[in-house]
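What follows is subunit A paired twice: with subunit B in the first complex and subunit C in the second.
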Partner chain A sequence: MNGPVLEVRDLNVWFDGPGGRDVHAVRGVSFDVRPGDRLALVGESGCGKTTTVLGVLGLLGATASVSGSVRVDGQEVLTGGDAAMAPYRWGDLSIVFQGALNALNPVRTVGSQIAEVLPRDGRVSRRAALRRAGELLERVGMAARNVAFYPHELSGGMRQRACIAMALAGEPRVLFADEPTTALDVVVQAQILELLDRLADELGLAIVLISHDLGLVGQLCDRAMVMYAGRAVEEGPTEGLYTAPRHPYTRLLYEATPVLGADRPLRSIGGSPPALDVPLAGCAFRGRCPDAEDRCSLAEPALTPVAPAHRAACHLTGRTP
Partner chain B sequence: MNRGLDLVLRRTAVALITIFCAISLNFLLFRVVPGDAVSNLARVPNSTVAQQQALRHEFGLDRSIGVQYVAYLRELAHGNLGRSFANGQPVSKNLGEALGNTLPMVLLGTVVAILAGIATGVLGAVRRGTRTDRALTVSSLTVYALPAQWVGLLLLFLLGGVFPSGGRVDEFLIEPSPWQHTVDVLWHMTLPSLVVGLTLFGQYALLTRTAMLETLAEDYVLTARAKGLSTLRIVRHHALRNAMLPISTLIALSLGSVVGGVVLIETVFSWPGIGRAIYSAVTSRDYPMLQGAFLVLTVVVVVCNYVSDLIYLRLDPRITV
Partner chain C sequence: MSHLLDVEDLVLHHRVPRTIADRVARRPARVVRAVDGVSLHVDRGELVALVGESGSGKSSTAQSILGLVTPSHGTVRIDGSAIEGLGARAMRPWRRRMQMVLQDPYGSLDPRCTVASIVEEPLLIHRLGGSAEQRRAKAVDALERAGLRPAETFLPRRPRELSGGQRQRVAIAAGLVLGPSLLIADEPASMLDVSVRAGVLGLLRELCDSGETGILLITHDLATVAHYADRLAVMYLGRIVEEGPTRTVLEAPAHPYTRALMSSVLHPDPRERGGRVVLGGDVPDPGARPDGCAFHPRCPLADDGCHTTDPALGPVDQRPAGHSAACLRPLPAGHTTTAPAGRTTTPDLAGRAETPDPVLWPDRRNHMPGGTAGTLPPADPGAVPDPLPGGTVMP
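On to the complex of A and B.
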């Protein structure tokens, strides 16, 4: 195996909050993406999954400050600002956003939006670029003539396919997929997942999937990082996370996921994630944790190995099966 | 294409109906104002009732309103707007001349305002929250708030010695060559055009800034940034095109109202355009002129709306009705 394409170390993101109280949205997240990896970032809404990815890609606005280290092929891109990141955008790291309707510009044709990111070696004519865009659309299971369509003329599933085709246009090595199946019906969801799966195999693409849906994660990814309140609380092989979750949050998240035909009650996690504009003392999850003890309010647990390639951040992790 | 043709036909029909309604209202308006043309004729003082009746008969004012209306429409269809009381010339000739003087002056100012306003608004939006943005917003607001005639007087006061202070041509230029004439007209046009431009500039800049801020926050702009496109390309191809929708509407609407609203500016600068024609028609009770001028203004406004609809159609592929 070659070295990682993407190395993220100790990523922190703060947002300017009202009244000067900064919101610490991502707290010390680290992960690697190697060629062909299938990594998932899992967690409920507002736990920092999307912010992490946007922070890595340098797409957060001026109200955010990001620290830590992001390396592409060993090259630091975080400290150099936009100029350092620019050469890797789309060509190496591309992204499919959730809600395909707004991710495409409504007043431009699908083809022109794909064509504008095609690698331009020498002079590529407009017609050749559109033909290439058509080939990309065929690759994701659409008709090539869809290049002339406007986004509103396509269905939700088609738009998401077009977004994937667009994400492939720069021949990336890592594809981030931010909730790519939200707002799609189950059948289309399955088709999109299948498509991502097939493309990753065919193109040797690494996929970083952002999702709150553990079922989806299990189908597509072999490694997952569970995030809570801006931190990674558990990471490991998806199999291991399902069968032997070491963090209570992972366990509860799994129990909150409906599984067809499963003979177990569906449970919800009471309460909501803590506010991140005040410093947290102790474990961020203790307020909602059924197993919380006194020591959980004293110190924040560190991510520690619990099994091969499996780490969790919980004081009670030795006790949890 | 088919969709486009269908829409153009619909819009054209609506525009024609609107003009017809305006013509009818215009006709009625001058019939319901107290006192008819004859009783207001200060030109025939001490006239007897019989003389007045004879005059009424001559002008057809003793016939029923329906007959008058049909006659009015018939004459209008032949391009006959009547004769001016003031100088005995056909109204259409007077108005044609006035409009021919007003349009270049207003258009010059508008084009300058469009270019400067859009550039200012875009710059403010891209540099949102910076000192540049605040300075631009404050100056746009200030200019927007100033009354046109006051700006006109101020400019006359400040630059009256540099630029000609009134009129359209230098009366003492004997037999100028076409080139000399054009330069002369442009020279005279500078100040009134500047006032038109200044009064429009503020609102164009403010609206552009707002519209740009809105589109820059859209998901497809985030996609465009993730694609690694340059700021210039994002602004031109992804943000401005969408922001132009409300801007083009405002421009078309304001152009219509500016042609009607130049009364004050043309009076300040003695510009022999439609505004001054209206002003003198009111002061000399020149009904045919006034009626004709109202008609022309209505048509200008309707035409501007019509053009704005067509531009909208061109800019936004989603429009279907």
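On to the complex of A and C.
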């Protein structure tokens, strides 16, 4: 069968902090993306979801140091520096950035911004590039004549579609989508969900969704990795995570998510994720965990299998039952 | 017994200035009808949700009630006494009784102010504080009621030292410090992490349950409404199209728009895929309101009558009193639609169409026809209509 397009192993990201207090933002994250996969990275703000993806794509600035291994089609791209990653970025791997309302340049037309990222093999006329941009817009459900429009002339949902069209320009095999529906209202959210769903099916595109919206995750993705304080604390099929979450953090996230027609009170999770500029002793979630015991402050639990294709990092529920 | 807040026939029309081209072509000025005859009421201890898409006029309604914009006409009564005149000046004496919580706690708090000065400022503005000690005591009380305990530890802090949830609680405390009887909360949780949303909304619910405060909650998220609101009013293009007790409306929505909004709520259970009714396009330009029922261009059930007759909000057959809708072809009652995305079949139509049309209430890959031409008026510059999603596949 097909091997993974993307293999990420033991990814670590540090940011330079003031006074040498470096922030360890991503701590040993590993995942694979195979053709057609639909993976979600889930967690609160500040848990390292976006940093993980930017680290994989080599898009973090000079203040970040990244270690680990990132392979595209078996080819190591992380240790080779930017030159190794550059051929894949916006080619096989592309990204829809967070905040579609601000991601586009306001003083240039949508078409010229899409044309800018088209692959430059050979000489392409401006007219041909705009025609291609129009085709990409049609693929995301917009009329081709939108190429002549400026971002402010489009609604939020259309701007998000334009960003998705731009990400498709290099005919990617893996599309990272960072909070693609945040700041859009429910109806437009559902439209964007349908679009991503359709693109994944039609183009055989693998999707890596970054979101804290478990509704979106459940409807779009088959697998999810729940991140907390820069680590994966649980990963598995979305159905398994919903029906039988094994990490208390995953369970509490689902309990905080409103569901239409469910007669249960919503619960918020008290506290906030820990600061990552000091070394953590024990389980990072223990301060907010309703089930924490003494041993949770002694050692950080490792990801261990709890069910087929389902792993959790918790002293209490990570044991094989 | 009069309602805490009673809004009658509120109208907010914006006149769009004519451009030179309009003058040359002798086109009349366009009028954008942002709020187009809204009546609603909120009682003490009641949480009423105003629901709709972006552009439906729900925030304009809130701003008109508070006099932040001057409505064209309409009556706003607080405890039975009508506010004389409309607009900011007339509102001033009433403001301390009606406070607002804004959507963005990152933008709405002055980053240079301490929590203490943010929460005490309304007292200074309204000259209610008394001495500095009395003001401080009131601020502490408001912070504690907003769930920031112990309040003393928060007083000297600045917004950047607080999490998003804590910031929103500070904003709520600044609203509570005047002891208002009505709070208007405009998407108070949508900028916050899912993990803290329940806390902020639960706080609003507690304030209602204490009996003195009524809350008008503005949101697009029906799942949230289902958990917290006593009643809801669904807005579309400046008008209320359906209203009633939350449970009654969500169990048997009468208006297809309400049903579509419910269907847009995404269920976290992957087994609950399918059965979504995805509305195409956007809310039409309120400057070019469609004839007949304003929803008919996006409605899968619209027939000829809907193109010509504009339905009024009124009681619906087979629905309890208090549940009303503005629809000529209301959905039949008698089936449960509480799980929004959970039905792969189309029981919605079983009662009204002999053979449910698969194009109208489709499986998840199909869409309501609203995304096709006609959804957006051509006058709008952003109005290039989405063709039916499901369109072209690149070779």
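Assume the second predicted complex is superposed on the first by the 315 of 321 C-alpha atoms of A that agree within 3 Å, B and C clash if a C-alpha of one lies under 4 Å from a C-alpha of the other, contacts with A are read in each partner's own complex, and residues count from 1 in each chain.
Throughout what follows, a contact is a pair of C-beta atoms (placed from the backbone, for glycine too) under 8 Å apart; a residue touches a chain by one contact, two chains touch by 3 or more.
Computed from a prediction, not measured in an experiment: that's the story for all the values here.
Engineer: So if we stack both complexes on subunit A, do subunit B and subunit C clash, or do they fit?
Structural biologist: fit
Engineer: A:108 contacts which: subunit B (first), subunit C (second), both, neither?
Structural biologist: The answer is first: A:108 touches subunit B but not subunit C.
Engineer: Put simply, what angle do subunit B and subunit C open at subunit A, by C-alpha centres, to the nearest 10°?
Structural biologist: About 80 degrees, rounded to the nearest 10.
Engineer: Now for A:57: first (subunit B), second (subunit C), both, or neither, which partner does it touch?
Structural biologist: Touch status of A:57: first partner only.
Engineer: Contacts for A:116 in the overlay, against subunit B (first) and subunit C (second): which applies, first, second, both or neither?
Structural biologist: first
Engineer: Is the number of subunit A residues in contact higher for subunit B or for subunit C?
Structural biologist: Counting residues of subunit A touched by each partner, the higher count goes to C.
Engineer: With both complexes superposed on chain A, which partner does A:83 reach: first (subunit B), second (subunit C), both or neither?
Structural biologist: Touch partners of A:83: none, neither subunit B nor subunit C.
Engineer: Touch test for A:97: subunit B only (first), subunit C only (second), both, or neither?
Structural biologist: In the superposed model, A:97 contacts subunit B only, not subunit C.
Engineer: What's the minimum Cα gap, in whole angstrom, linking subunit B and subunit C in the superposed view?
Structural biologist: 8
Engineer: Under the stated contact criterion, what part of subunit B meets subunit A in this complex?
Structural biologist: Going by the criterion above, the answer is residues 129, 218-220, 222-229, 233, 237-238, 241-242, 315-318.
Engineer: Applying the document's contact rule, which stretches of subunit A touch subunit B when the two form their complex?
Structural biologist: Residue positions touching the partner: 57, 59, 62, 86-91, 94-95, 97, 99, 102-108, 116-117, 150, 152, 163, 166, 170.
Engineer: Where on subunit C is subunit A touching in the complex?
Structural biologist: Those residues of subunit C that touch subunit A are 53-54, 163-165, 193-202, 220-224, 226-227, 250, 260-273, 276, 278-280, 282, 338-342, 364-365, 367, 371, 381-382, 384-394.
Engineer: Within their complex, state which residues of subunit A touch subunit C.
Structural biologist: Where subunit A meets subunit C, its residues are 44-45, 135-136, 138-139, 141-143, 145-146, 149, 153-158, 161, 185-191, 193-195, 197-198, 202-203, 212-219, 221-222, 237-239, 242-243, 252-254, 256-261, 265-270, 272.
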